[in-house]
Each structure stands twice: as C-alpha cells, then as structure tokens.
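After this come two complexes, each holding chain A, first together with chain B and then together with chain C.
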Partner chain A sequence: MLVLRGYSRIVGILLLALGVFIIVAPFLWVAMQSFKYEIQILQGTWFTMPTLYNYIDVLWSQRSDFMTNVANSMIVATSSTICVLLVGTLAAYSLSRLKWKRWIAAVFLGWTLIFNMIPPLTLVGPWFLIFREIGLYQTLFALTLTHITLNLPMTVWMMMAYFNELPKDIEEAAMVDGCRRIDAFWRIALPLVRPGLIAAGVLAFVFSWNEFAVALNLTGRATATVPVAIAQFSQQYEVQNGQMAAASILSTIPALLLMFFGQRFIVQGLTMGAVK
Partner chain B sequence: MALAQAPASEAPRPGLSDFIDRHLGWFTLGPAIVLLVLLTIYPIVNLVLMAGSTINFQQGHEIWKFSLWSNLATLLHDGIFGVALRNTAIYAAISVAVEMVLGLGLAILVSSMRRGKGILRTLLIVPILLPPVAIGSMWKLMYSFDFGVLNQIVTGVGLQPVNWLGSTSLALMSVIIVDVWHWTPFVFLILFAAVEGLPSEVIEAARIDGAGTWSIVFKIIIPLLKPAIVVAALFRMILAFKVFDEIFLLTSGGPGNATEVVSLHLYQVFFEQNQLGYGAMMSVAIIAATVVFIWIGHRVSSAMGRL
Partner chain C sequence: MSQVVLKNVQKLYGAFQALKDINVEIGNGEFVVLVGPSGCGKSTLLRMIAGLEEISGGEISIGGRVVNELEPRERDIAMVFQSYALYPHMNVTRNMSFSLELKRTPAEDTQSAVSGAAKALGLEKFLDRLPRALSGGQRQRVAMGRAIVRQPQVFLFDEPLSNLDAQLRVHMRTEVRRLHQQLNATSIYVTHDQVEAMTMADRIVVLDQGRIVQAGSPLELYERPANRFVAEFIGSPAINIVPGELSESGRLAMGNGSYQLNLKRAPAGAVDVGIRPEDLQKADNGPLAGKVTVVEHLGAETYVFLNCSGVELCWRVPGTLRINVGEQVSLAANQNHLHLFRQDTGLRLA
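And now, the complex of A and B:
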C-alpha cells in the first residue's frame, strides 16, 4: 500500500492519534462521570474518589426499573434475532438457489429495499392501531414482530451474498447422488454459510438491542426496553446526570463485548454488502 | 443416509420433509412474504385509509371520520414539515460530506501504517454499534452548558462558554457533530476494507514512476475507490434521512424548530399531538417520495451503466 516516509509519516501518525483520541475520549469522559456523585459532576471536578453509587442506584433502587428493561431488551433482541435468522436465511436461500420467476424476486427484493429506506416512524402509527386492535399493544411479542420485520431486509441481503458466493456444484453433485434439495440446504449449504449466520445474527441482535423509535411508542412501563429507559432518564424533570451516564455506559456493554469478541464477523458483515 | 441411496429406490416416501421438499419454494420464501405482507404491506394499506380520516379515541374506541381534503390542506400548509425537510437535507448533506472526507482520510492513513492496523481499526470503529440513544445522552452530558467537558475546554482557554444545544444558530451544527462522531467510523470501515483490497502493484508502479503521495492518493487511490465511496455515501444518506434517536435525546427538535427533522416531526404529529390521520397523510407522502426517489436513482444508474 501507500507508504509514507519522513515528515509525512510523522504527520500521519499524529493525525491518526488525534482521530483515535476523538473517538475514544467522549466514551471515557462519560464513563468517568458515571463514577462520580451528582454534585461532583455539576461542579466539574476532574479527580474524585470513584463511587459505584450511580450503578447501584440504576440497577437496584426501588425507583428504577432498569433490571426489567434489561430483561425486556434481552428477550426481544434474542427472540427477534433467532426468528429473523430463520426467516431471512430461508428466503435468501430460496432467492439464491430456487428458480423463482424474475419478477417475483425483483418485487420481493425491491420491496425490502423500499422498506429499508423509509423512516420506521411512518409505520409506527398503523402498527400502533393494529396492535391495539388485536390486543398486542405494549407487549414484548408485538415489539419482537416489528424488530424481525425491521431486520429482515439486512438479513436477506447479507445471507444472499453468502449463498451466492458458495459454488452451486457441491449441492448439485449431492442432488445428482439422490440427495433431496431440502437435505442439500440443511446438510451442505447451511453449514458452509455459518460465518454469515454469525455475522447477520450479531448485527440483528445489536440493532434490536439499540432500536428506539418503535420501542418508544409500542411499549408500556412494564415492557420498556433499555433505550426507552435511557431516554426517560434524560427527560425527567430533574435530570440525574450520574445515573444517565451509568445507564448509558451499561447499555453499551453488549455491543462492546460483541465488538471485541466477534469483530471479525461484524466487519465481514458490514463490509460484505458494500464491497461486493 | 439420503446421500447413499440411489434416486430410483426412494420413489414416493411419505413424510413431512418430503412434502416440504416438494414445495420448498413456498416453505422458504413463504414466511418472509407473510411477514412482509402482515407487517409492512397491510400497515401501508392502513396508512392510506388513515390518511383520509380523522381518528379520535372515545372511551377506548376509535372513531374514524372522513377528512381527506383537510388532511391534504394541512400537509400543504404545514410550515414545520417544510422546516423539517430543510433541516433533514442540511443535516444529511453536511454530515455525510464530512464523514466521507474524514472516513476516507482515516482509511488511507491506517492502511499506510506498517503495523498496528488491527488495533487501530478496533479503536476507530467502536461507535458504530453503540445504541444511538446512549450516544445521544453521552453527548448531552458533554454539551452541557454548565459542566460539560466541551465548555470546560472552551472556558479553560479563556473563551466564553458556548450554548451548544440551546442556541438556534448552533444546535443543528451540534447534532451534526454527534452524527459525524457516530458514523465516520462506519465510512472508515467500508473504505478501509476497499483500500486494503486495492492491487498494490499499481501504487508501487506509480511510486517507481515518480508520483508523489498526493498524486497517488488523488489520481490512483480515490478513482479506484469510487464504487466503495458511492456505496458508503448512499448507505449514509439513507440513514441520515431516517435520523431520530440522537436528535430526540439531544434537542427534541428545539430550540424552536432549529433541529426539527422529518422523523421527529412524524413522531410529534402521531404521538404527541395524537393526529393519527394527518400523521398518516405525511407518512404516505414520505413513502411516495422515497419510491419516486429510488425509481429515479435506478433509472439514472442504469442509464449511466449504458454509457
């Protein structure tokens, strides 16, 4: 690649150091605030004895539902991820391998593209009325359904890219030997796209965990997810900055864990569609 | 087992999996179609019906009244919607432009490093997957007029504290800065993968022929990266157009309408003013505009492909 020498190399390293600092510093500063008492935050004190008060208060105090919020987010993110992987992978295999008429594939993919481009808030209104009508308003089930739908386009495209990369010959050879199409899918194609399944699964989980606009409007007090709870922290009449910082830091833990342990898959998933 | 059997010997073998195998198309694509019909097509049909009505709740019952014309009139005279469209356009244009330049610069710089690429990439892409709401509340703390770290720095160098989110002229810039922090890493990630995939012989050949660093960057690397740059910019434009979470947290559209964007206006009309009918009218307009936009984009790109 491009090799920098002499002064330009030093300038390059300094610019990169600045970039890393700008990316990381906000996170560290907020993390610092989360270990301070409210009064210390308001006074802008830099060096204090760290305290776990905010974390204890957010997680275990009587006033806080944060543990419930975490459980809700976990349930919704996990179940919507499993379902979207199932539905999305099947659809991707279907479009990649079975002989659908061109217009059916075009309409399906075109519609997922359009759906992915419109702001989700355009659909939250009718979702609200429909779920209210059938008695699912403010349930985790309804929220899970919407998250499956929101993540479906991404999952289908990503898995299609993985299936399209697999040589068809392996499955065809197996089918010549008497293997049914369904076995070719289950025993040959599916194991070979496991990295894709992990990438799509990790991203679907994170997007569901992060999703706010729909959760804000379709959940109630008992079913609120973590992002909704964080928004409430900042909308209260008297904002508790320390708790807001602590809750925000806590909410980033799943993403950070997945980023450090599953980075290979996340990077592959995020870049695959773009580079191909 | 199935692999070992000859095709002739497994004629009609009754069973669920055989039934599924014979209708595999519908069993594989079917669930996705059902989901999309129930949760996107049907709601949009609903949306069209709602757009022609006024919906009120009385004792828990919905009362629908026909009011297509008044909803249309409201749409045409909704000054805030116009402001929201304008702000969204400014927001998307500036944030995406800045992100592309910074992301491209970082991608080329990191790829020019001899070692430490892995750790640099890890550190630089942290913001991508953080919850946007958490990013909003983190920056709200940093932007705080009284104790935020940014004003500590500003006053530290002897200037007056800045009202980052509370002044009409600055608020939109402040939320754009948050967007740049959040999404430059994404642009960097896409372009870094593309830079690393470039053939190194081309750049070495140019170097041997005496090309300087800048001319290599502008005459070789950037032209070769064009497809990836276009894709990253499109991705970002779409996301910027849909932005909601961070702005809801940071300013809720204020002060005044200074940071009002399309999604936020939709939210306010639907869920704060409870105007389901008018909100639906606006949604239909937005969806129709999106479809036209995609269609034009498709025509343009296929026309460019033919040239």
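And now, the complex of A and C:
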C-alpha cells in the first residue's frame, strides 16, 4: 500500500477530496433541490426551510404514477436479473469447464461482446418493429427480454472469471466422491462462486434499473419504468424540477442499498484474475 | 478382489502420444508407485484410472470390471490430490462425510466412519474447522480421511506430499505407509520423488516419455536397473556414470585401469559404466583418480565429490572419514557391482 507523508500527504488528501466532491456534488445538489418548492428552485435560493412537498406529490398525488413506475422497474429489473444469472452462470460454467473447441468459445464470447460494443439505440429500432409485429410492444415482458440481452454478456464474462479461478481439482474430487457433473456444479462450484453471483446480480440489477434508452422507446404510459417517468417530469410547457429531483433521489435508493451490500464483491469481481 | 489391470493403455492428445502401451497388473492390497520425471505421463495415467481423463486405447479394469466407459463415481475409487482439493465451504466433518452423504449412508454409520478416520489421522480436534483454518499437513490428512471413510476398492494418490515441507513430508510418508498396512487396500501412488518411491512402494513402475521403462521392487530397481535412465533416476545421491570401452574378451577399460569381467558374449564397443557412490573404495593406483571438489557432511555419512579427468564422481564414505577439498584421491570400483549400459541405446548389458 502507498503511504504518503508530509506535503504529498496533504496533496493526496486534497486530490481525494476533489474526486469525492466531483462525484458527490451533483447528487447533493439534486438532493437539495428535492427539498425546495418549485418557486425557490427557479429563484435559485440556496438555503430554505426543507419541505417534503415534492416527495409527497411524487409518491401520493392523483396525477403521479410513480409507484406504478417503481413496480414496473422492480418487475423488469428483478426478472431480467434472475434470467441473466441463470443463463449467464450456466453458459459461463460450460465455457469454462467443458472442453469446447477453441473457436466455438471464441465466437460465442465475441458475439456477446457485440451487444456491449454497439449503442443500445441501434437495437431499439429493430426491437420496436419485432415487438410490434408479435404483439409485445409496450409490455414489460418485451423490456425484460431486451435487458437480458444487454446484460447477459457482462454476466457471462464475469462468471467465467470466477469459474476459471476455481481449481478444477475440487470438482474432480467431488466427482470421484460420487457426484455427477451436475451435482459437482450445484453442490461444489456454485456455492464457491456465490460472491460472483452477488456481484454479477447487483450489477445486472442496477444496469436494468437505470436503463433509459430502450425503456423510453418500448414502454407505454402503463409500463413506463422509473427512468422514463423521471424524464417525463420535464415536458414541453412545464418542467417540474422539484418532483423530478425527488423522484431521482427516490430512484437511487434500491441501487444504493444493493451497492452498499454488494460493493466488496463487485470490486473483487471486476478485478479478478488481474493479479494473483 | 480389487486388482487393477491395465492392458495396452494409450493416451493421445491429437497426434501426440502421451502414453504408449502401458501394461501393468496391480495385485490386491499392493502399494504401487508410479514414478518418473515431470511430463512422463504418470499423473495422466492415474487420472485415466480415476476416470478423469478419457482412455484413447486399451483397457483398464478394476476388481475384474472393465471401467473404460464408467464415470469416476462408478469406479469405486478414492483419490488424494496434490492440491488436497478440499471443499473450501465445508468443515472437516462434512469434507470427510460428503461421499457417504451422496451415497445416502445412514447417519450413525457416517458418524462412526468419520470419527474412526479422524481418530486414525489425529484430526479429532479439528472436525468443526473449515479447510482454510488448517495447516498444510492437517489439510493433507483431511484429504486422506476423505478417501479412507469411503472404503474404496482402490486408493489413488497424485503427488500428495509434494506441497508439504521436507520434515512433514518424511513424517507423512511413514503415515501413509502405516495406513496402508492397516487398511491393506490396493493403492496407486504417483510421485516424481524417487526417495518417496523407494521408501513406500511394494513395487515401483518407472515411466519415461509415456512408456514403462521398468517395473519391480525398489531393491530390484536399485540393484538391476534396466537402463541408464532408471539407474540415474533411482538412488540418492545419483549413480556415477563413467564412459568405458568393452573388448570382445570381456575386458573393460575405464579411467586409467581395466577390469576383466565375467561376461558371456560381451558386445564390444563404447559403454557407460554405472557405479553407485557406495561401491567406490579407496585404492592405491585405482583406475579412477581425481581431485576432491566438494565435501558434504551429513553426519553419519559424507558425500565426496571429485573431478576425475572431466567426469564428476560422487563417493559415499562413513562420516568418520576425514577428507579435505583439493586432496588427490584414487578410487577403485567394486567389480561385482558395476552396471554396464550400451552408450547408444542406454540399455543394460548382461
């Protein structure tokens, strides 16, 4: 670990503080706005008596669908995360353990990368046409499918790193001990990559929760997710800054909680195999 | 009955032949050690017996049953891995009882099997610990306990002691041997350490480049190595190899002297003469003379290394003998213990 002393220590702390400020300041600013009345926001008043008006309005007013939006987001994020983990983990295990021909694994992994390399908006057009054609346009099911597609590559790659780190001996010992391959996977390999499952799950959930571009284009009024709903506070003739800020702050809560519990697994997962 | 019979066993990796025509019969209760330099195919062979590697050709049978197409779990074997391969998320008890759990053995039988094995291995105090809270030696013991509780037909050991420190390795060597005497189960043990092979085996199988070069009891291998490779591989310190010339009459010229050997039909030509370090004696005007370069005192005995006109020799003498670096020494070999190998093929002569 790097130990700083004297001047370099002060400079180090200042740089760190700057970094934290850059990341946290916009969030704090939005949080501040969420406790002000619209007029105060427009006047640019800095210090006011905090009010919960925006939150009450977003959560319980007649004209707000925010709770429906939260439910939609929950359904899409949860179900896509479950599917992604299920398919991704099995795919990663297969690629890591079964003796696939090199080119098959390479083509598969390369193909999955394509979805992360091209902008999701490129895919939105075709998806819109497909879903309208088969009658799934503006359904949560369609959105869930797209999120699975977008999040699967990252999960496969991450879980593969975890499985590759797992010594093969342990599973072989289990197979000599009486396990079938599937038992060795279920009883030995899976429990040992649990940190990976948590990390990949948290990331997939958060990405799906925050995903905006696809959701905006494929959902309708009844199926809008939270990011879409937040954007709709800003309309042609009126921008509801206060409500928008409050909804934004509320929308960070699930992700914040998940990140809080899952972050040590995520850091471990993303840097896995980088150093022994 | 738990014989293991290997018939013409082969292993191919693409076009590369990793194992060629392996034929071994391992008797019931026998402790066989597969030994050879790294990359000779010994671990592959063991893994093929375990069912962890496909068999490219030939036949492997365990207890009279051909197992070529059987899964590892159907072969009734237990294996101890070099890395121990303990289940990191299970405590010692569960590590040991896992196989019985899979077989749905009644709880009280499992309990007694585990406590029996724990007692035999001195693990009673650690039963609730996770593997990461154990030392290397203790992990090794758990790995063995896991094998013992199953009462398999055959035990397979894949270099189980090579991750331990030297002192512990010597201790565990005796322990494994003692366990084998207690259980009297057929055991196949892979190692690259010839000392382990010599001290533990009923029978040693020496492999080199995917072939069996010799199989026999430790002393047979030591006293009559089939070729130069085995002679050099078995024995510590290693055998001395001195170039010589054999005449048709059976006269061996070596160093600056010669020996009349009692050979029938000796093929004349260049030979390599193998002389064990303990078969050299001090002799005035002996055929092998040289300057002492290094002296290693081990206490009970001393290894004296000397340079004898370009050939490095090791001479094993009692620890009481005083000898200094730089001294000129003249040695003779015990004529009855010379090993002659053809220089071109390395095969033993006579």
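Following the convention adopted for this analysis, the second predicted complex is superposed on the first by the 262 of 276 C-alpha atoms of A that agree within 3 Å, B and C clash if a C-alpha of one lies under 4 Å from a C-alpha of the other, contacts with A are read in each partner's own complex, and residues count from 1 in each chain.
Definition applied: contacts are C-beta pairs under 8 Å (C-beta built on N, C-alpha and C of every residue); 3 or more make two chains touch, one makes a residue touch a chain.
The structure presented is a predicted model; accordingly, all values stated were derived computationally and were not measured.
Participant: When the two structures are overlaid on chain A, which partner does A:Trp29 contact: first (chain B), second (chain C), both, or neither?
Facilitator: The answer is first: A:Trp29 touches chain B but not chain C.
Participant: For A:Cys179, is the partner it touches chain B (first), chain C (second), both, or none of the two (neither)?
Facilitator: both
Participant: State whether A:Phe260 touches chain B only (first), chain C only (second), both chains, or neither.
Facilitator: first
Participant: Looking at A:Leu16, would you say it contacts chain B, chain C, both, or neither? Reply first, second, both or neither.
Facilitator: A:Leu16 sits against chain B, while chain C stays out of touch.
Participant: A:Pro191 contacts which: chain B (first), chain C (second), both, neither?
Facilitator: In the superposition, A:Pro191 contacts chain C only.
Participant: Answer with first, second, both or neither: which of chain B and chain C does A:Asp169 touch in the superposed model?
Facilitator: second
Participant: Under the stated touch criterion, name the partner, chain B or chain C, that contacts more residues in chain A.
Facilitator: B
Participant: Touching chain B and also chain C: which chain A residues?
Facilitator: Overlap of chain B and chain C footprints on chain A: residues 174, 177-180, 183.
Participant: In their shared complex, at which residues does chain C touch chain A?
Facilitator: These residues of chain C touch chain A: 50-52, 71-73, 77-79, 81-83, 85-89, 98-99, 102-103, 146, 150.
Participant: Chain A touches which residues of chain B in the complex?
Facilitator: Chain B reaches chain A through residues 2-3, 5-7, 10, 17-18, 20-21, 24-25, 27-29, 31-33, 35-36, 39-40, 42-44, 46-47, 50, 55, 62, 102, 105-106, 108-114, 120-134, 136-142, 144, 146-147, 149, 152, 181, 185-186, 189-190, 193-198, 200, 203, 207, 213, 216-217, 221, 228, 231-232, 235, 238, 241-242, 244-245, 248-249, 262-263, 266-267, 270-271, 276, 279-280, 283, 286-287, 290-291, 293-294.
Participant: Going by the contact rule at the top, pick out the chain A residues touching chain C in the complex.
Facilitator: 167, 169-170, 172-180, 183, 188, 191-192
Participant: Give every residue of chain A touching chain B within the complex, in rising order.
Facilitator: My answer: residues 1-4, 8, 12-13, 15-16, 19-20, 22-24, 26-27, 29-30, 33, 41-44, 86-88, 90-91, 93-95, 98, 100, 108, 111-130, 145-146, 148-149, 152, 156, 174, 177-183, 185, 206, 209-210, 212-213, 216-217, 226-227, 230-231, 233-234, 241, 244-245, 247-249, 251-252, 255-256, 258-260, 263, 266-267, 270-271, 273-275.
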